[in-house]
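Sharing a structure with you now.
Chain IDs A, B, C, D and E follow the sequence of writing; residue 1 opens each chain.
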Amino acid sequence: MSEKKDIPEDMFLAPENRKHTVTGPDGEVIHVDPLNDYFCQDLPKVEAPYKGVLEKFLNWARAESLWVLAYGTGCGSIELPPLFSPRFDAYRFGVMMRPTPRQSGVLIISGYLAVKTLKRAIRSYEQMQNPKYVIALGSCTINGGMYFDSYNTINRLDHYLPVDVYIAGCMPRPEAILAGFNKLKERIKSGNAEGANHYAENLEWYKANQKKIIKDWNMPTYNW
Amino acid sequence: MSLFERILFVLAGLFIVLNWGLIMTGIIRKIIARVGMRRGIKVYQPYINLVKNFSIRSQLSHGVMFYLGPVFRLSGGVGIFLFMPMIYGSEYWTNFSFTGDLILISYFMFFGMLGMALGAGEGGHPYSAIGVSRGLAQFTAIELPLTLAILSIAIQYHTISLTEIVAAQQGGIRNWTLVTNPLATAAAMLSFLGAMGHSPFNVVMAPQENPIGPPTEYHGTFLGVLQTNRAILHVVEAVLYMNLFFGGATNWGTLILKTFLIYFWSVFVGMVFPRFRVDQSIPWLLKIPLAIGILAIIIFMI
Amino acid sequence: MSNTIFDWKKDRSMFPEPDKDGKPVVELDSQKYIKVWQGPNHPGVTGNMALELTISGDEVMEAKTHVGYLHRGFEKLFERRRYMQCFPTSIRMCVPEPDINEYNLSRGTELLSGIEVPEMAGWLRMIALEMARLQVLLRTVPGQGGTIGLGLPAQWGLYYRELILDRFEELTGGRIYHMYILPGGVRGLLPDGFKKRLEDNLVKIEAFMKEVDRVVYSNAVFKKRTKGIGVVPPEWIDQYGATGPVARAAGYKRDVRKDYPYLYYDRLDFDYNVEHESDVFARFHVRRKDVDTTIDLLRQIMAKMPEKGELRAETPNVLHWKIPRGETLVRCESSRGEYLFYMVADGSIYPRRINLRGPSYTHGVVLLEKLLVNANISDVSSIMVSLATCPPEIER
Amino acid sequence: MSLKDIFSPFTAWGKAFEKPVTIKDPIAERPGADRYRGFHKNDISTCIGCGTCETICENEAIDLVPVEGIETKDGDSGLRPRVDYGRCCWCALCVDVCTTGSLSLTNTYTWVEEDPEAYRFTPGVDEKPWDKEEKGWKKPEPGYEFYNLNRVTMEHLEPEERDDTFIEMVKGFSKEQAEKEADRCVECGICTATCPAHMGIPEYIKAIRNDDLEEGLRILYDTNPLPEICGRICTHKCETVCTLGHRGEALSIRWLKRYIADQNPSEKYKKILNSEFIEKNGKKVAIIGSGPSGLSTAHYLALMGYECTIFEKLSKAGGMMRFGIPEYRLPYDQIDKDISYIESLGVKIKYNTQVGVDITLDELGKKYDAVFAGTGLHMGRSTRIEGTDHKNVYQAIDLLRKITLGEEVPLTEHIVVIGGGNVAMDITRSLARLQKQKYGKVGIITTSLETEDKMPADREEVIETREEGAVVNPGWAPQYIEIENDKIKGLHVAQCYSLFDEEGKFNPQCNLDNLQFFEGNMVVESIGQGMDLSYLTEDLKHDLEIDRRGRIKVNEYFQSGIPWLFIGGDIIQGPDVIHGIANGHKAARGIDEFLFEEKKDTPKP
Amino acid sequence: MNEIIEHIKKRFPVYEIGEGPNGVILMSVEASRLVPMLTSLKTNHGYSILVILSTVDWLEDCKFQLTYIVNNPEEKRDLGIRVFIQREDAEMESIHTLWEHAATFQREIKEMFGINFPGSPGVDDQFLLEGWDNKPPMRRDFDTKKYAEETFFPRPGRETNDPAAYMKQKLYPDE
């Protein structure tokens, strides 16, 4: 497909991420490969759940305290603020927005994902800690939606991230999203929401899919 | 009372404070929700959040200091508690308070902050760094009026023992520092706004600017520890102010009511104002509360 | 009230050091600066876009807008869609205020094929457009406080916005994507009792705006945070292609509804809302006044519109609606400024080119980048929201 | 900054004492608005699977899939829309464009699944919780249509202008009208299956829209070699199943066909149709009868290179089209236009040559490689009631032939016509014109067994007949013809209330209490025609399989029991032009295949 | 209005002058004369706003049409200027010196159509796409549907029937 055959390996890398050499104050020349040196290269592990009542209790707590990453990836994010508005008040269901992926357990993919956003969404997802859940809003995440023929939006999310719950609609109303949260809670409580472990188990497959689309993969395989 | 018994009571007190802190957070969130025309969270939601945070399976570290940050922070909060006389006149609930406890407590207030700053800095996130620099700068500006107010009280009551300060305020509202030394109270209460991290002084965790400041990288158990500390810290700081200015408490009921009201003060102001920029908040703290604090001292100097 | 001790305005000549052309050079390697990304996942940015900020301390040295996170290639998709099919697609180009897309696309299609819309449909379009404007303003006006930590009125605003969305749901069948204005006319008459319910809501919203005045408008800290921040010099307005509230806050009388009257705006009585300070507060103030204007306009429309009428003009069969070769420019006033469609038809059933230029296209890229230089990092989101940057319309 | 600025924000706390506006259970308590565009619902019994929803859907969210229990039949493709909620954007264009109005959206909007594959369903077939929901988006009020439901009015002569002349009454579309009418087409293609000739109707209508009439003509000639004729008198079965007819008026497919044929001058036909040079293959085929089926066979065979000869009994070609249909409906020059093109392909027509009289079928069979017989139904049937043997009782078909041939037609001032079909209307209107010419006024009564709503004649035919002054009084069973002094006084009829018995057999039941008398001096019977198979000799008949009701059995290519003899047209299918044409086309293919087999067997010298 | 057109006509070789349906006067001019013309319009005639800079791909004519629409806020009037350039190695003079925000338009056009604007600030930076290695996507010879189907794994299991073809298959398969 590509016309140019001899693309340098680091063509898409940001300048600061390319391999380069630095001369120290004492004249020592240091070779730096930022991707290898600055980032953690470990891959995720499957974190086995506890057994029995303890896991059930923890799952209950996880289900009743869903911290959502405040990342509006697509147009569905216009219905997320109303979710926390006086009328719908998702807080009372234990749902809360967190601005940082580290502290969030739920990633809402609100609709279509442009390739550029997919990269960030993957990064955000990987920065979240196990257990983590993905809610997919709208048609676009199921089979491309309106943008099924667009050159810049993915068609199905389950090829790139493990999705727990899909909510139909374009875009789903806050009520439907709340219903989606209920479904997710059920799923967590039943112990089926092991998306993070699934992702760790099938990392190769997911990565192959992701790398097929994201041509400028200027990050480590797994972004801790 | 043996040391063992004392330790038991300290732990029991810590447990009560932790629970009250969590419930108070819930109640405050509920009130905030009501102003926002909402129903708000369940009152016990903070407990669930805490359990959830401790239940996170994978943890990720950025180094030793990253680990120690929350620990320092917690020890800051617990440290204040350890030397804080909770209930006046009670043998059991005075913890390890001693003659110079006010000095130690002032130190612990900074200790947690510094530990957190080091840990967050290790996290490597630029927003953590920004938050830390803002937080430390602003905290200095907060400490200054508070210290002046404390000094003013120390001069007023000729003591730096909290128990004695509380003792001096017994016998009705007329004896409270609030009445006897309104300037120091004003300076301290204004700086309290800053200490609690609500608007207009929440420059550290300002969500629209540097989400969410120092704890950006903290998650799971780390965050759980931070939350635990937060619950304790809010209560014990309120207890400090209560002891200093509002006559202390002679039983747990009074303590709960007074700490709640004192903490609510910061929420009361915080809900309706946007936050300052850090270069506005520090000058403001250095202007108004500091001026009042200096005045409070000068009055007693004369 | 300049206080020399606390006036931390540094001597700008020190850094960044200018190069030969006088252009400041920000060298990351010099360790004086750090690079901070605001977005795409950041509560302070409007929508899914990113600002690459080079900061020194709290001060922004260099800002670069990164967009494309929402790029769906609409203009390419239009090449594959018939005119009628373009209309549901087009409205996704601006998520908070979709109706302007519907209107512009419909109007362009009608202009190119020479169709006149029935009068009733015209008035209904105006209702939808003004309700959409009100709905957006109820987000952005109190939301201006939200950018600097005053989240309370923003939360209230969302509730009052819900009221308008309820009316939209009733009128159009959709909450966010109304898909109401379509080539040839509109898709439904006012339901029974609609005017009364809308009027009730307007009364509530007016009362709410009073509250916003008390809590946001006359708020000491809010004023301190917004006055004198993000000043757009008036001479930049044309140079950077700023429109709408940004231009009006700089003293320009620019309002498409008055300058190039479309629909029946020339039959309504309203005025430009102009301020002169051109800072964040002035832009907030202009929008605040826009709310009043919009409420007033809605009342005027309800009073002046006919009771009965045709919904839709007779159009060719939409399955194969051919439009002769031609090009046109359609504009309307969105809550953010002038909203344009440039449409080219080539005589087939598919449009040749539909190009959108929203106000954010200039506000959010060139103007924002320029305004952020030397701004405090705390003010970035405040400035951004005051320019009403809407990334989907930059990227389409 | 004033003190007010510090204190006024605190008024916000007033809200703490108001009741929260939060909805307790938003999922259950908030149904969508009355017009809400929620999930799809389809009334599959109304739906005909036309696929307009699929066409309009910009997201390609709708598939048409076969559904168990729904058969493919005329006017119903047997397919039903299947919606993919991984694509849908709930714009409801599919509802607005739906031709039958079966599709709608409900106001239900909550659907959560863990399995993304579940979001594909056939509304109305797969049970969903919202199937019973009444509210939701329906097609907006009248006046809101994505295509015009009303026909472009065909201009025609007014009754007073036309009632005494045989000039063609329908004027034909102008360019604008034709394009406007063609624009109504939704291109579903359901008509194609119903058309006996399976004409590419959407395609030629598209050609009209594109103003490419030459392409249109090519499409017409693919399946129909008599477009001028069909464009006027086709029974347009396509229009009865036209999807637009479900909520509005069906597309004037026939007139559009005529428009294409009319607009292309006959001298250009050969060039347009690319038939200037046809390679002959040396085989010869005889065709008996120059009716639609015969002409059609001849045309397609000629295109394949066969040498065709048509044997026509009468002096002019066209068969029933010329002799059975009055000139005001189908002008003779238009028939000539179509026939002359077929002749120009090398088809020879031998006039005044009646097979069985002038030449026997056996001879033809020997002289030619194959024979196609499309002799049609030219013998009128009689009601056989009392008095039909009177000399003033005529067969409609005979009178029509006389009119065409210009022979003198018997005429009286009062005429009674029995019959409710199109032929009855034709003879009524022809006679009415003649009466008007001769007597200056019309005095004709047409009656039929069938009641008004069940009359087989086209609706507009009946209306136009009445406009021209004739009385149409249906629903009466003829009892006897009253004859006085060897002169017909009139027809006695009784009310007919049922035509078929429980087994579905033709068995009219009359109410003898309700009688009526139609006055008239002449009675014309027009209740159908029979075939004249006198040219079939007995030994030939022996080889043919003829069933109990006298029909000749043929295979799908109209090949009879005698391999070289193909029989088609009205004899097989009943009276219908377009069926005749379709038969002819198919028979031509059958003949070709038959002879091709032969060709294979006997290698060329 | 006519005065300005007359004036422009005198000074610049414009052709194809016509009024669009919305009162926009459109005219075409040679690419080389565009910048002087825009400069003159901006400085002498008050056309101080660049409304839009758009590109149309006339693939069949092997040409790109660049449309510059400028607006006179005083007289409330739009003027559209078309420039046709060759599709091969398309290049056009930059106008960012006249209007700063033209740089954004030009950056986008460079990315989407592959028309180069030498000297325009940031014109070579990626704007909306990231890591794009195909044809510029807005060119008409780029088939977005084909690309999407090849790249983005559409969910399998979809099949549809054309009513006419399906009926043929069911009712008269051999005709």
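In the analysis below, a contact is a pair of C-beta atoms (placed from the backbone, for glycine too) under 8 Å apart; a residue touches a chain by one contact, two chains touch by 3 or more.
Owing to the predicted nature of the structure, the values given are computational and were not obtained by experimental measurement.
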Subject >> Other chains in touch with both chain A and chain E >> reply: C, D
Original post:
Central chain, going by Cα centroids?
Top reply: C
Subject >> Chain at maximum distance from chain B, centres defined as averaged CA atoms >> reply: D
Subject >> Remotest chain, chain C as reference, centres from CA atoms >> reply: D
Original post:
So which has more C-beta pairs touching, B-D or B-C?
Top reply: B-C
Original post:
With chain centres defined as C-alpha means, what is the inter-centre distance between chain A and chain C in Å?
Top reply: 29
Original post:
chain B to chain E: how many Å between their CA centres?
Top reply: 61
Subject >> Mean-CA-position distance for chain E and chain C (Å) >> reply: 23
Subject >> Residues of chain B touching at least two other chains >> reply: 33, 35-40, 207, 211, 271-273
Original post:
Can you list the residues of chain E that touch 2 or more other chains?
Top reply: 128-130, 137, 142, 144-145, 155
Original post:
Taking each residue of chain C in turn, which ones touch at least two of the other chains?
Top reply: 42-43, 68, 71, 73, 76-77, 80, 88-89, 152, 155-156, 159, 177, 215, 219-220, 224
Original post:
Among all the chains shown, which pairs meet the touch rule set out at the top?
Top reply: A-B, A-C, A-D, A-E, B-C, B-D, C-D, C-E, D-E
Subject >> chain C residues within the chain A interface of the complex >> reply: 28, 40-43, 47-48, 68-73, 76-77, 80, 88-89, 92, 95-96, 139, 155-156, 158-159, 161-162, 165, 175-177, 392
Original post:
Can you list the residues on chain B that touch chain C in the complex?
Top reply: 35-38, 126-127, 129-130, 133-134, 199-200, 202-203, 206-211, 271-280, 283, 286-287
Subject >> Parts of chain B lying in touch with chain A, wherever the complex brings them together >> reply: 29, 33, 36-42, 45, 48-49, 51-52, 55-60, 207, 211-212, 215-220, 223
Original post:
Which of the residues in chain D come into contact with chain E in the complex?
Top reply: 49-51, 54, 62-66, 72-73, 77-79, 84, 86, 116-117, 120, 188-190, 192-193, 198, 202, 556, 586
**OP:** Please name which positions on chain D make contact with chain C in the complex.
**Re:** 1, 4-6, 8-9, 11-12, 15, 21, 32-37, 52, 55-58, 89-93, 96-97, 105, 137, 140-141, 143-148, 183-187, 206, 209
